[in-house]
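When the chains are written out, they are named A, B, C and D in that same order, and each has its own residue count from 1.
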């Protein structure tokens, strides 16, 4: 087949919303875009272990400690699937890790914000996992097979985490005055960064259009952001917390909530590396990687010796 | 002068309880004994920073934090004088540190016991510094000049520390029930190890006799132990704590307190290296030493460069 | 019942404190697979701790710290978060600060071998709850032992660096073997011997160490620092709901 | 008075938290002389913190956390030990976890230069207590700055390893310079420039970082962990006498 035939076949698969599989021919730009996106997603799971991991040692009940530990463990598991999905595109986990540690690939900016109280564990579950789910549910139907299938499993677990986070906040809101204040303070910090998780506004999202054409993405940033706000506002009311946006109000005409404009300069700064925890998160990851080098070397040496024997 | 003349002169100085100075002739065995003793004493100050240093971060009032920090700083200072005194005998601080880290020289076994509550800070001041003072006051009149003079300064500061420790315990005893229990529990742990600070009983202290003949030591282990008990029992009564020795009682005939027999096997085990914290204390010291190597190298390189410029 | 509650408490505290140490590894393991495995082991032990703390509280309610009237804190959390170090009954081995990966492997190996042997006996315990805990625990501990044992051999036979480290960890931790063996009534070291043999490592000499036993409430300096972190949020909210 | 109490509290918390970090160095310094010096600096800052906390409490008693009736805990200790992280007003620079010796030197240099400049202005404060604190503080801070400055140059010009480390520490800490300069109203970097020049080090570019300011109660993840240790004994004994 000529390249033109291959391309026609690829386009046809995309057009009928079918899956591309690892052995299928694909345009180089599609492959590169997917690698970038899946890797960023995988890195986000791994870096995302840190802000919540920060509170495992201080979980205020054994039940919550078990829930949090299991959740952070799930994130490591998600990282594993996603690195595997990415490896089907012809790049190794080791290479991907180097790209992360070298600052050549990104992870979700939300993890560059600190966790400052146990309420943040709940808020991350409710808002951050909530936003992630809005982003990810459409990805279950993404055009690349291994990615879509990984997302199905991940989304199921994320929904579970989201409910657990919301339930923690609910329980805290039924607790003491101090606990309610912790929840409100936490929501105040995480609300705007959560909105930014959907990326810049559509007019400034240069890669979005192509990703949508390829069926990698199914909805625009602003559509997903709106969907998240619409889902979340009623939950906040049930919870009894105030969302820190004076412009937030129901628009009966649009049948959506209107909301304020996130501080896009802040998002740019965080993406550029000047967020509150960028340096800390990467340094933590790099230290774990470096500290583990002798173990990985030992495992390799042992495995090779076994082959020789 | 012949060696015999030198020896006669040395013996005469000792006999009239005068001081030997660094430039004076001295028998090699005297020099070696002194190095061992002063080094052990210096090492004890340095290792002794750890058990108390363990609680600086957790001092329950700012006043107590300042007192404790100043005390631990004094211990570093004592280490400095004592290493200097030892250096007058022709050995460098670097060599002495190596002997400590290599396990070739000892430090006081008391510091191989853990500190488990803030009351231990008081108990170490009261009992451990108290015992040290009993040991050290006579050393102010020791035959080797630099050692004796260092001891004068050290004893003054130790007495101050001892009073501060006793005062902490006094204050805690006037506090809550829990605080009184902490004091009692701490005294229960430190009483016997404090008695062992005077070393094995006289009949098993092979080096003592020669040290006394040379005027390095002025009293036997058992004499000093008795003195410590006699001083401490009334203080315990004022404090309102029970000393954990059922055999402790006033002997009107001897005009001393009778007391039980310390567990000498335990002392031997701790000296041998099998105390609760021996490995921890040395590992801590070794890590600080290793971690600081690049700094000491930099300082040396910088000083040498300055000389070249 | 007092005796039995204490027995449960000792087993619970061992699991709780080691779980806390294992959880400190989270996001710090040499590879993702190890991160998942260590979290798994921490979760298993946390589960054992919760069941055993609950059992201790039921057998002898007097072991549970008293909280302000109306506090919603359940017994397992009162025990975990409102006891001071001296009231913990764990063996000292489990509270020692984390070291390198060799350290966590050696500690897990020693611990799981001893605990598995005891849990196998507890399968026929007269206390049905304890027997049930043991039934679940033996599977978890066998996995733990196998995982640690495989890594022990891998490190011992991997590179000269990994061998040096595993030997150093063993030398440092073995002084706690006597206390562990006593607490668990470990009858022999057959399993350990086999692992050591597979790794080409000589079993260290046994050491009689001064320093009291964790089962009597005597601990190292590390435990109170561990608890300062572990208990800080719970203690700040004695009336809190979580 | 509210404004003035807050001002005192910010200055107090900076000293208190940095003192806590410096005290962590105790028995860990590269040489005995450095151990003595670091403890000295920690003591100086602790002294400043106590005077300033006392002043804040006097100026506006509402800043002092309320303790159970009859508690003998003095105001300075109520402020140090019974506030949560969000109530602390220290700049983020001082709360960052300790790194290597280059890290402590760079942090001390940045801190003492800024604080000395402010304290020199406070010599003529309308608040006589603050003026007195400043009078004592300028000597302490000048010593601190000189000590850190000498070490900075020594490390920058020592070995390639020490230079690498001091540059890494500077790169890591400099992102906190803007917050520090704002909190202290630092007018210029003349002193720092001279030290950098002496060390042959280029002043890093200034960075505008997201992340809030310690003076507004926004902190890094490190502060609550620091407080968990610092406050544990005091909080366990709200009615205690020490």
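Methods note: contacts are C-beta pairs under 8 Å (C-beta built on N, C-alpha and C of every residue); 3 or more make two chains touch, one makes a residue touch a chain.
Keep in mind that this is a model prediction, so the values were computed, not measured.
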In contact with subunit C as well as subunit D, sorted by label, we have A, B
Going from subunit A to subunit B via touching chains takes a minimum number of steps equal to 2
A student comparing A-C to A-D should find more C-beta pairs in contact for A-C
Between subunit B and subunit D, tell me the centre distance in angstrom, where each centre is the average of that chain's C-alpha atoms. 34
How many angstrom lie between the centres of subunit B and subunit C, each centre taken as the mean Cα position? 36
Among all residues of subunit B, those touching at least two other chains are 58
Sites on subunit C at which at least two other chains make contact: 224, 228-229, 232
If you go through all the chains, which pairs of them touch? A-C, A-D, B-C, B-D, C-D
Report the residues of subunit B in contact with subunit C in the complex, numbered from low to high. 51, 54, 58, 114-117, 185, 266, 269-270, 274-277, 279-280
Residue positions on subunit B within touch of subunit D in the complex are 46, 49-50, 53, 55-66, 69-70, 72-73, 76-77, 79-80, 83, 118, 168, 171-172, 174-176, 178-179, 284-285, 287-288, 291-299, 301-302, 305
Given the complex, residues on subunit C that touch subunit D span 84, 224-225, 228-229, 232, 235-236
So in the complex, the part of subunit C that touches subunit A is made up of which residues? 16, 20, 23-24, 26-36, 39-40, 42-43, 46-47, 49-50, 53, 72-74, 76-77, 80-81, 100-101, 153-155, 157-159, 161-162, 165, 229-230, 232-234, 237, 239-242
In the complex of these two chains, what residues of subunit D are touching subunit A? 85-86, 172, 175, 207-212, 219-221, 224, 228
